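Before any comments, here is the structure.
Chain IDs A, B, C and D follow the sequence of writing; residue 1 opens each chain.
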Amino acid sequence: MQASLDIADAGFLVYLVEREPSIGGHMAQLDKTFPTLDCSSCILTPKMVDVARHPNIQLISYAEVVGADGGIGHFKVGVKQKPRYVDVDRCTGCGLCVEACRLKGRISSEFDVGVSKRGAVYIPFPQAVPLKATIDPERCVFITRGVCGKVPACEEACSAEAIDFQQKEEMIGLEVGAIIVATGFDLFDARLKPEFGYGLYPNVITGLQFERLSSASGPTRGKITLNGQEPKKVVFIQCVGSRDKSVGVEYCSRVCCMFTAKQAHLVKEKIPDAEVTVLYIDVRAFGKGFEEFYDRVRGEGVMYRRGNASEICKRGERLIVMAEDTLLGESVQLEADLVVLATGITPRGDAQDLATLLRLSTSPDGFFQEAHPKLRPVETEREGVYLAGCCQGPKDIPDGVAQAKAAASSVIIALRNGMEVS
Amino acid sequence: MEGQNLAQAYRLFECIQCGRCTGGCPMSLKTRFNIRRLIYEALVDEDMDLQSKEVLWDCSTCATCTLRCPKGLDPTDMVIGMRSILVDGGRIPPTIRDALKSLAIRGNPLTMAREERADWAEGLGVKEISEGAEVLYFVGCSPSYDPRVQKVAKAMVQAFKKAEVEFGILGNEEVCCGSEARRMGETGLFEMLREMNLETLERYPVELVVTTSPHCYNAFQNEYQGLNLKVQHYTQFVAGLINEGRLPLSKEVRRIVTYQDPCFLGKQNKIFEEPRKILRSIPGLELRELDRSRERSLCCEGGGGRMWAEGTNPEERLAHTRVQEAMDLGAEVLATACPFCLLTLEDAAKTVAGEGGIQVMDIMELVVEAL
Amino acid sequence: MKVRKFLEVKEGDTLATLRGFLQRLLEKEIVEALLVPLEAPSGDTVMPALVKEPARLEKANPLAPVMPVNAARLVSSLTIGKPKEKIGALLRSCEIRALIELVKLQQAHLENLMIIGLDCLGTYEVTDYAKLISSEDGSPTMGLVRGAKEGSLSPHEGYQFRSACRICEYPVPQNTALTIGLLGVDGKRILVEAQEELAERLELTEGEAASREEVIKKLVEARIEERDRLFAQFRERVVDIRGLLAQFSTCTGCYNCTVACPICYCKECLFRTSTFEHESDRYLRWAQRKGAIQMPTDTLLFQLTRLNHMVTSCVGCGMCESACPSDIPLTTIFRAVGQEVQAMFDYLPGRSLEDELPLATFKEDELTELGETQ
Amino acid sequence: MGLRIGVYVCHCGVNIAATVDVEAVTRFALGLPSVAIARDYTYMCSDPGQALIKEDIKKFGLTKVVVASCSPMMHEPTFRGTIQEAGLNPYCLEMANIREQCSWVHEEEEEATRKAIQLVAAAVDKAFLLEPLEERRVAVTSAALVIGGGIAGMQAALDIANAGFQVYLVEKEPRLGGHLAQLDKTFPTLEPVAPLLAEEIREVEGHPNIDLLTSAEVIGLEGYIGNFKVNVTDQATIRELKVGTILVATGYDLFDARLKPEYGYGIYEKVITGLEFERLVSLSGSRKFWVNGKEPQDVLFIQCVGSRDKSVGQEYCSRICCMYTAKQALLVKEMLPQARVTVLYMDVRAYGKGFEEFYDQVRGEGVLYRRGNPSEIYKNGKRLIVRVEDTLLGEPVQLEADLVVLATGITPRRDSPKIANLLKLPRSPDGFFMEAHPKLRPVDTVTEGIYLAGCCQGPKDIPDTVTQAKAAAASAMIPLCQGQVKVEAVTSIIDEELCSGCGICAEMCVYDALSLHERKGVMTINEVLCKGCGACAAACPSKAIKLSHFTPAQILAQVDALV
C-alpha cells in the first residue's frame, strides 16, 4: 500500500493486486503496535482509505498474478480475477448477506485466526477495503452442492441484488513499466513444534491469536478471556519457529521479541494482578525506542526469564511450562492459564511459485533475494522488479514501510526515465 | 584440555545456551544433572574436571535434549562422550562395570550365560535362522533372559505363528546390539558387538529384522553403518500384519488402556502411530491418551545404562510419576512396547498401586489376549 | 563582582538620605529618568511617578509601607516600546518578580532599564495606610525602619499588613542592578549593593552588616510558618470543586483583579468580550435545565480561567486581593494552588529569566491524570 | 439564501445500526431548526449513498451537510469531495462520529441512541456556524537539498538525481563516504567496503544532476515545502540554494568510551574501540594481525559499551554492535586460528537477514560467547584482566586478555542540537531526530518537505540505511514530481486587536508557523506552514488566535448542544 501511494502521488498509474478480498495484510489483524502502543487499525485504516480513494491507484483485490513477461518499461502482466460471486458495483457492504448465510458462525475466520467464526459469505473485517462481501467457493453449499434452501439465503437478503453465482474467473492483462513484489509472509505453524501442544491445548495460542483476543474490535471486544475466564498466569514463549534449525528456520524473525513485550504489557494493563512471564534466549530490542519499551515492560512487573521453553504439559486444569532458567541454572516448571507462542515469520507458502513466475531467486531462508544485501536491498536480479516488505525477509512495520518507499523510489526513477525517452 | 576437546568434538561453540535441552530433560528436575551447564563448562573451562561429575550417570539418553536443540547439536552424544572419558579413567559405578564386563564376556549385560540365551524358546517350536526364514526376529537381551520380559518374546512367537510369518531367531549366536554399551561410554565394546552382529547377520539371507526392543531397533537403524537389511520394530511389523489382515484380533479385551511411548521408539524414531494402531485394533479395548504422550512423552529412566546405575536420586522415580498419571487417567493397563519401560514401570506400579492395582503390559501381551 | 557598600544616614533621617541618593542617580546621569513612588497630592498615599527633574524627588517616598499598584505593570508600559533613554525603576521584590515574568511574556524589556531594588518591610492596605498617616503624629514608616535592624517588623497596633506581605518569603529583592538594604543594618547607615564600577560612582563608604543574613533568615522563616498555616487552612476548606466554588461564590464579575494583577496582560479579557454575552433564550434554557442559574453567570469560569492562566506566573503580590470588593482571599488561593503547579514544573515565578515558562515546556509526567499529582 | 442543512445518518451496515436506532436519530434531526432534510442509509460512503447527498443538495438547495457516520479520519475527505462535486464548499461539511465514539463503545441501545442524537445535535449546531474555506496551492522549486555525504546521503542524492531532479549534496568534510569509509568488511557477507564505496562515490561525483558541495555547511534555512531558501557556506563564500525539499542525512557519532572509565579506554593502549579495530585490520591488510609487535593470544570483545546503559544516558540499543563484533571476532579467528576469542554479551541481537546464520557461523568457528557484561578492566603485569560475572555460570570470573575491543555504540551527532535548531527538527528522547510517525511515516518529519535518512534518525546498519535513504528520496521526490503542493485550508487566524505578542503560541507551534511582528508587537502566522493543529489557539491566554473551522463560537455551540 505504501509503495502504491508513493508512486501514485508521484503521478503514475498503479495497479494494486491483492489476493485476499481486502487490502491491509497482517497489520489489520494486530491490536496495538510496539513500542508506541498506537492502535494498529487506527493508523492503518486511513492508509487503506487513501489507497481506495487515490485517483492514480486501481485496486484489483481477490486476484492473483499469473504471469509477467517482458522487461523493465514494458511488462505484460497477467492477473487472474477470482470470482467473488458478488457484483462489487452493486454491493454496498451492508452485511445483510453475511447475517443471513446459513453457515454463519460455522467457518473459522482467517482474519481472527480461528478465534471467531464467519459464514460462507463474509466481509473479512469491518474496515475492509474494498468493503464488499465475498463468497467462499470452497464452503458455500450453493457452490459446492448446488442447493441452499429454495433460494440461497444471501441472495434473498441482498436488497442490492449483488449476489451473482454466475461469476466466472476472469483474466486481466496489464501493461506496466515496473513491478513491486510485496507479498508478505506467513506465520510459522506452531503445530510443527509438537512439544508445545499447540492445537491440543486450547489455552496455548499464537501471538497473532493473542492480537485478536486483545483487540477492541476482536471477538472478545478486547477482553483477554479464555472460555470466559481471565488468565491469572500467562507465559510467553519466544523464538517459536525462529532461530531453530530443528524446524528448518535458522533465521531470527525480528519482530517477535517486541510484539511479545507489547503483549506482555497488554496483559499487565488489562489484568494487573496477572503474573506474566516471558521466556527468552536473547531479547532483541534493537529498534528506535525498543530498548526503552523493553525497560518499561520489565518495570511494569513482567518477569523475563532467560531460557527457552522445552515442553508444555498439563497438571489438572493448569498448563505446566517446562524450561530451564539458565541464569539460575535450574529446571523450572511454570504454571500457566495461558501460554502465548511467539511464532516467527516464514516465507509465504507460495513464495517459490511466485519466484518461478516472476523469474526471481530466493535466498537460502526462502525469502526473495535482493540484488545486493548491502547497497541494493530493494532491487532484484530482474531489472524492473523490486521488493518491499516481509517477502524479502522479516521486518517490523517502520522497516516495512521504509522498504516500500525505497522500492517506490526505484520505480519512480524507472518510470520517469522511461517518460523522458518516449 | 578436556573441555576444549569436547567443545571441538561436539561443536559446542555453536550452542546459544537457550536452555531448551535442560528444560526438557526429565532428569533435570530430580537431580543436579544440567546438560546446558555441562556444555557451558566444557566451553569456558579448559581444565574441566569430569571425574567428579557423578551426575553424568543420571542421564537416560532419552535424547529429548537433542531433539529440542534449535541449533542442531547433539548433547546426548556429548554425555556419551563424557562418559567414555570416565570409563577410560576407570571411574565408574561398580554396577556399570559389572554390566560392561558381562557384555564383553557373555554378550549380555545381565551376567547370564551365553549358552542360555535361547532357553526361553524351548518347546515353542521356534526355528533357528540357520534353518532359513524371511524374517529374523532379533530377541534382545532382556527378552531372552529376564523372566518378565520373556513373556513378551513368547507372545511375539505366538502372534507370528498365528499370522504364519516365516521367521527364525539367531539363538545363542545372538549377542547384545551394544546400544547400552555405547550409551554407558564403552564405544569400543559397542563396536565389537556391532561387528559380531554384523558378521552373523551377513551369513543369513534374510529380508527383514524385527526387534522386540526399541533400543535394538534404534541401534540397527541408526548406528549400524554397513547393515543393508530392512529393520523394523515389532510394532511396525505387527501393525503391518494387522493391516494386511494376517493377524485377526477377534477376542474382546474389555480394558481401559493407556500407552507409554518409549523414548527410543517415539521421540527418537518418530514411531507413534503403529503402536496405537495395534491397540485400537483390539476389540473392546479403550485407549486413553496420557497428557504427556508422543513427542512429549516422559522417559521411564530405563535407558542409557540406567538399568544398571541408580543415579544420584534413586528415591524419586519418573516411572512412579508415569504410573500415577496412568492411574489418574483411569487406566487399568499401562501398555508399552519396550522391555526397559516394561520393567521400570511394573516395578513402579507395584510400589505405587500395589498388587492388583494398575497392570503394566507390553502391547504384545494385549495382542495375544485378543487372539 | 557585586560589592556591598554603605550610605551614611544624615541627621538620623533615613528618608531624606535616600532621597538624596536618588537625586544623585539622576545628577550623575546614571539613569536619565527614575520611576519611584512619590507622595500623592492627597498626602495619604504614594503613587509611582516617572521623574526627570531631581528636585521633584523631594516628594519621593519609597519607604512608605503602601503599594497601590504593582509597578511592574508600569514598567511594562514604559518599556514595551523600547525606550531610548536609560530608566531607573525603584521596585519592591514582588514588583521585580512580576517584571521578570512580564519580560518572559514579551510584555516588557530590560534594555535601557536599571532595576533598583529596596528591602520591603511590608505594606498596609491603601485605606489602612491613609488612616494611619492621618491619625498618627509621626508616620507609619519610621517604626518599621527602626525595626529593620533586628528584623522585627510588627504592624501598628490594631492594624495588619496585607496578607500577601504576611506570607512573603522574598523581603529582599533579586535580579537588581542596585539593591538598597535596610534589614540587618543599623539605623545609621543604609546598605547599597551594586556592581563595583557602579558603586564607585556613587560615593559610598565601606562598612559591615554582619547580622543581615541572619536577620533575613529569621524573618523568612516566620513568614513561611505563617504561609504554611494559611495554606493548610485553605486546603482544609477546599477539598473539592464545591469548596472552590464556595471560595469564589461572592465574585461579582467586576474584573478588578485583572486590572490590579501585574501579570494579567491580555489587551482585552476574553470574559469582557462578546463570547460571554449570551442570548436571552440561552439564559432561560440554562435556568430551565438547572432550576436556577446564578446571575452574573460565568464567574466561577472566569476565576478558574484566570487561575489557569496566571497561576504558573503568580508572584504573590496580592494586588488582586487588595482590589477585590468581595474580599475573596485571592492571595491565598493563587499562592496555594500555585505552590503545587509550580512545584510540578520546578518553576518559581520571577526567579530567573532563564527558567522557561511552564506553558512552553513539556514534562512527561505533568498532570497525567486528575488526582495523580498529589 | 437561508441556511438549509441536510443530515445523513449512516447504518454502516450493522456497525452502527445494530446499537443505534438510526431511524430515531434521523427523525430527531428532521425536527431540528434549519434542517431541510434528514435521511438514513446503509452505507453513506458507498456510491449510491454519496449520490443521495448530491441529489439532495440540488433538490433542497442545501447549504450545509452533516454526515453522522464513522470517524472523520476515515471519510471526511470522501464527503468533502461529495459535496464539492455538488457545488458546495468542501468545508461546509460537519461529521458526527457515531461509530467509533458511539456504537462501537456502547452496548445499550437506548443510551447509544441518545448519545448519537446528542452528537448529531452538536454537529448541526456547529454546522450553523461553518464558513467556506479556500484551499490553495503553491508551486515547488524543482530541486532537492541533501545534507550529509555518507552512504545515506549519497544513496538518496543518487535516487533523486536519477529521477531527473537537481540535487545539492552538502558534506561537512572534504570527502564523501562518512563512517562507512572507515570500515574494513561488512557483516554478514564479509564483503570489503572500499570497492563498494568507491563505486558509489564515483557515481555521485560524476552525476550531471548532482551539485556536490564538500567542506560545506548549512547555516541558514527559511521558507517551507516547495520553496526553501538555504544558506550554505561553500569554501569561503556563502551560497543561497533554492530547493523544494530537504533530506537530512547527517549521520552519527560513536560513543566516547572514555565515559566508561571502568574499562580503562585511553589508559590502556590494548583497550581499543570497534572502529579502531577496523582501522587496525585495514592497515595490517594481508599482513599478520599484531598488537605491539606480537600476535595476541586472548582477544576479548565487550558488547554494549555506551548502549543499553542509562548510567551514561544511552538507554537505547545501537543495533549494529552485536553484528560488527561478531564479524570482528570472526576476522580475528581467521587471522589467528590459535587465539582464544571471547565475546562478552547481554543479549545477542542478530535480527537481520542472514544475521542469525552469521552468528551461528561465527560461534561454529570457535568464537566463545559468554553471557555477562564486564564491570571493570585492570592490569596485572602485561596482561589485561577483565572482571565479569558469567551469568550462565552464576559466578564472577576474571578473564585475561592481550587485546580488548569495546563495541562502542552509536550516539546522536554532537552538533545535532545545532542542526535541529537550524532545521526546526524535534528530537526524540534518545537525541536522534524524530520522525513524523514511528510506524507509518518513518522518514518524514513534522515539517513538510524535510525528510530523514540514515543514522541521524536512529541507529541503523547499512542495508537499513540504504533502504531508508531510498525511502526518504521517494518522499522528497513526490512534491517535485507533483510540481505544486496543497496548502492546508484550516489554519489559525490571529486577531491583532487582541494579541499581546507574548509569544507563547510560537513556543507551542511545532511547525514554526508563528513569529512576532517586530513593529506591530503582535504575532503573525505563515499560512503555508500552519497545519491547523490548533495548539496555538489553545495556548493563547488572550484568545487572540482562532482556528478556522474550529472557532470558539463553533465549538461552544457544539458543547452547548452536548451538555
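Going forward, a residue touches a chain if its C-beta (ideal position, glycine included) is under 8 Å from a C-beta of that chain, and two chains touch if they have at least 3 such contacts.
All values derive from a computational prediction rather than experimental measurement.
*Asks:* C-D or A-B: which has the larger count of contacting C-beta pairs?
*Replies:* A-B
*Asks:* Centroid from C-alpha atoms only, then distance chain C to chain D, rounded to Å. What do you get?
*Replies:* Chain centroid spacing, chain C to chain D, equals 46 Å.
*Asks:* How many angstrom between the C-alpha centroids of chain B and chain A?
*Replies:* 44
*Asks:* Mind checking the centre-to-centre distance between chain A and chain D? Centres are C-alpha means, answer in whole Å.
*Replies:* 24
*Asks:* Quick one: chain B and chain C, Cα centre-to-centre, how many Å?
*Replies:* 94
*Asks:* Mind pulling the chain B residues that touch 2 or more other chains?
*Replies:* Only 16-17, 37, 71 qualify.
*Asks:* Scan chain C for residues touching two or more other chains and write them down.
*Replies:* Not one residue in chain C touches at least two other chains.
*Asks:* Can you list every residue of chain A that touches 2 or more other chains, as numbers and ranges?
*Replies:* 243, 282, 326, 329
*Asks:* Give every touching pair of chains, nothing left out.
*Replies:* Once each pair is checked, the touching ones are A-B, A-D, B-D, C-D.
*Asks:* Name, in rising order, each residue of chain D that touches chain B in their complex.
*Replies:* Those in contact with chain B are residues 348, 360, 363-371, 390, 392-393, 397.
*Asks:* Show which residues of chain D lie in contact with chain C when the two form their complex.
*Replies:* 497-504, 507-508, 516, 521, 539, 541-544, 552-553, 556, 560
*Asks:* Taking the touch rule as given, give the residues of chain A at its contact with chain D in the complex, in rising order.
*Replies:* So the residues of chain A touching chain D come out as 2, 6, 9-11, 33, 35-36, 38, 42-47, 49, 53, 92-96, 99, 123, 126, 131, 216-217, 243, 250-252, 254, 282-292, 295, 326-329, 363-365, 367, 373-378, 392-394, 397-399, 401-410, 412-413, 416-417, 420.
*Asks:* Flag every residue of chain C that touches chain D in the complex, lowest number first.
*Replies:* My answer: residues 80, 105-107, 265-268, 270, 273, 275, 282, 309, 357, 359-360.
*Asks:* In the complex formed with chain B, which residues of chain A make contact?
*Replies:* That would be residues 194-195, 197, 239, 243-246, 281-282, 306-314, 322-326, 329-333 of chain A.
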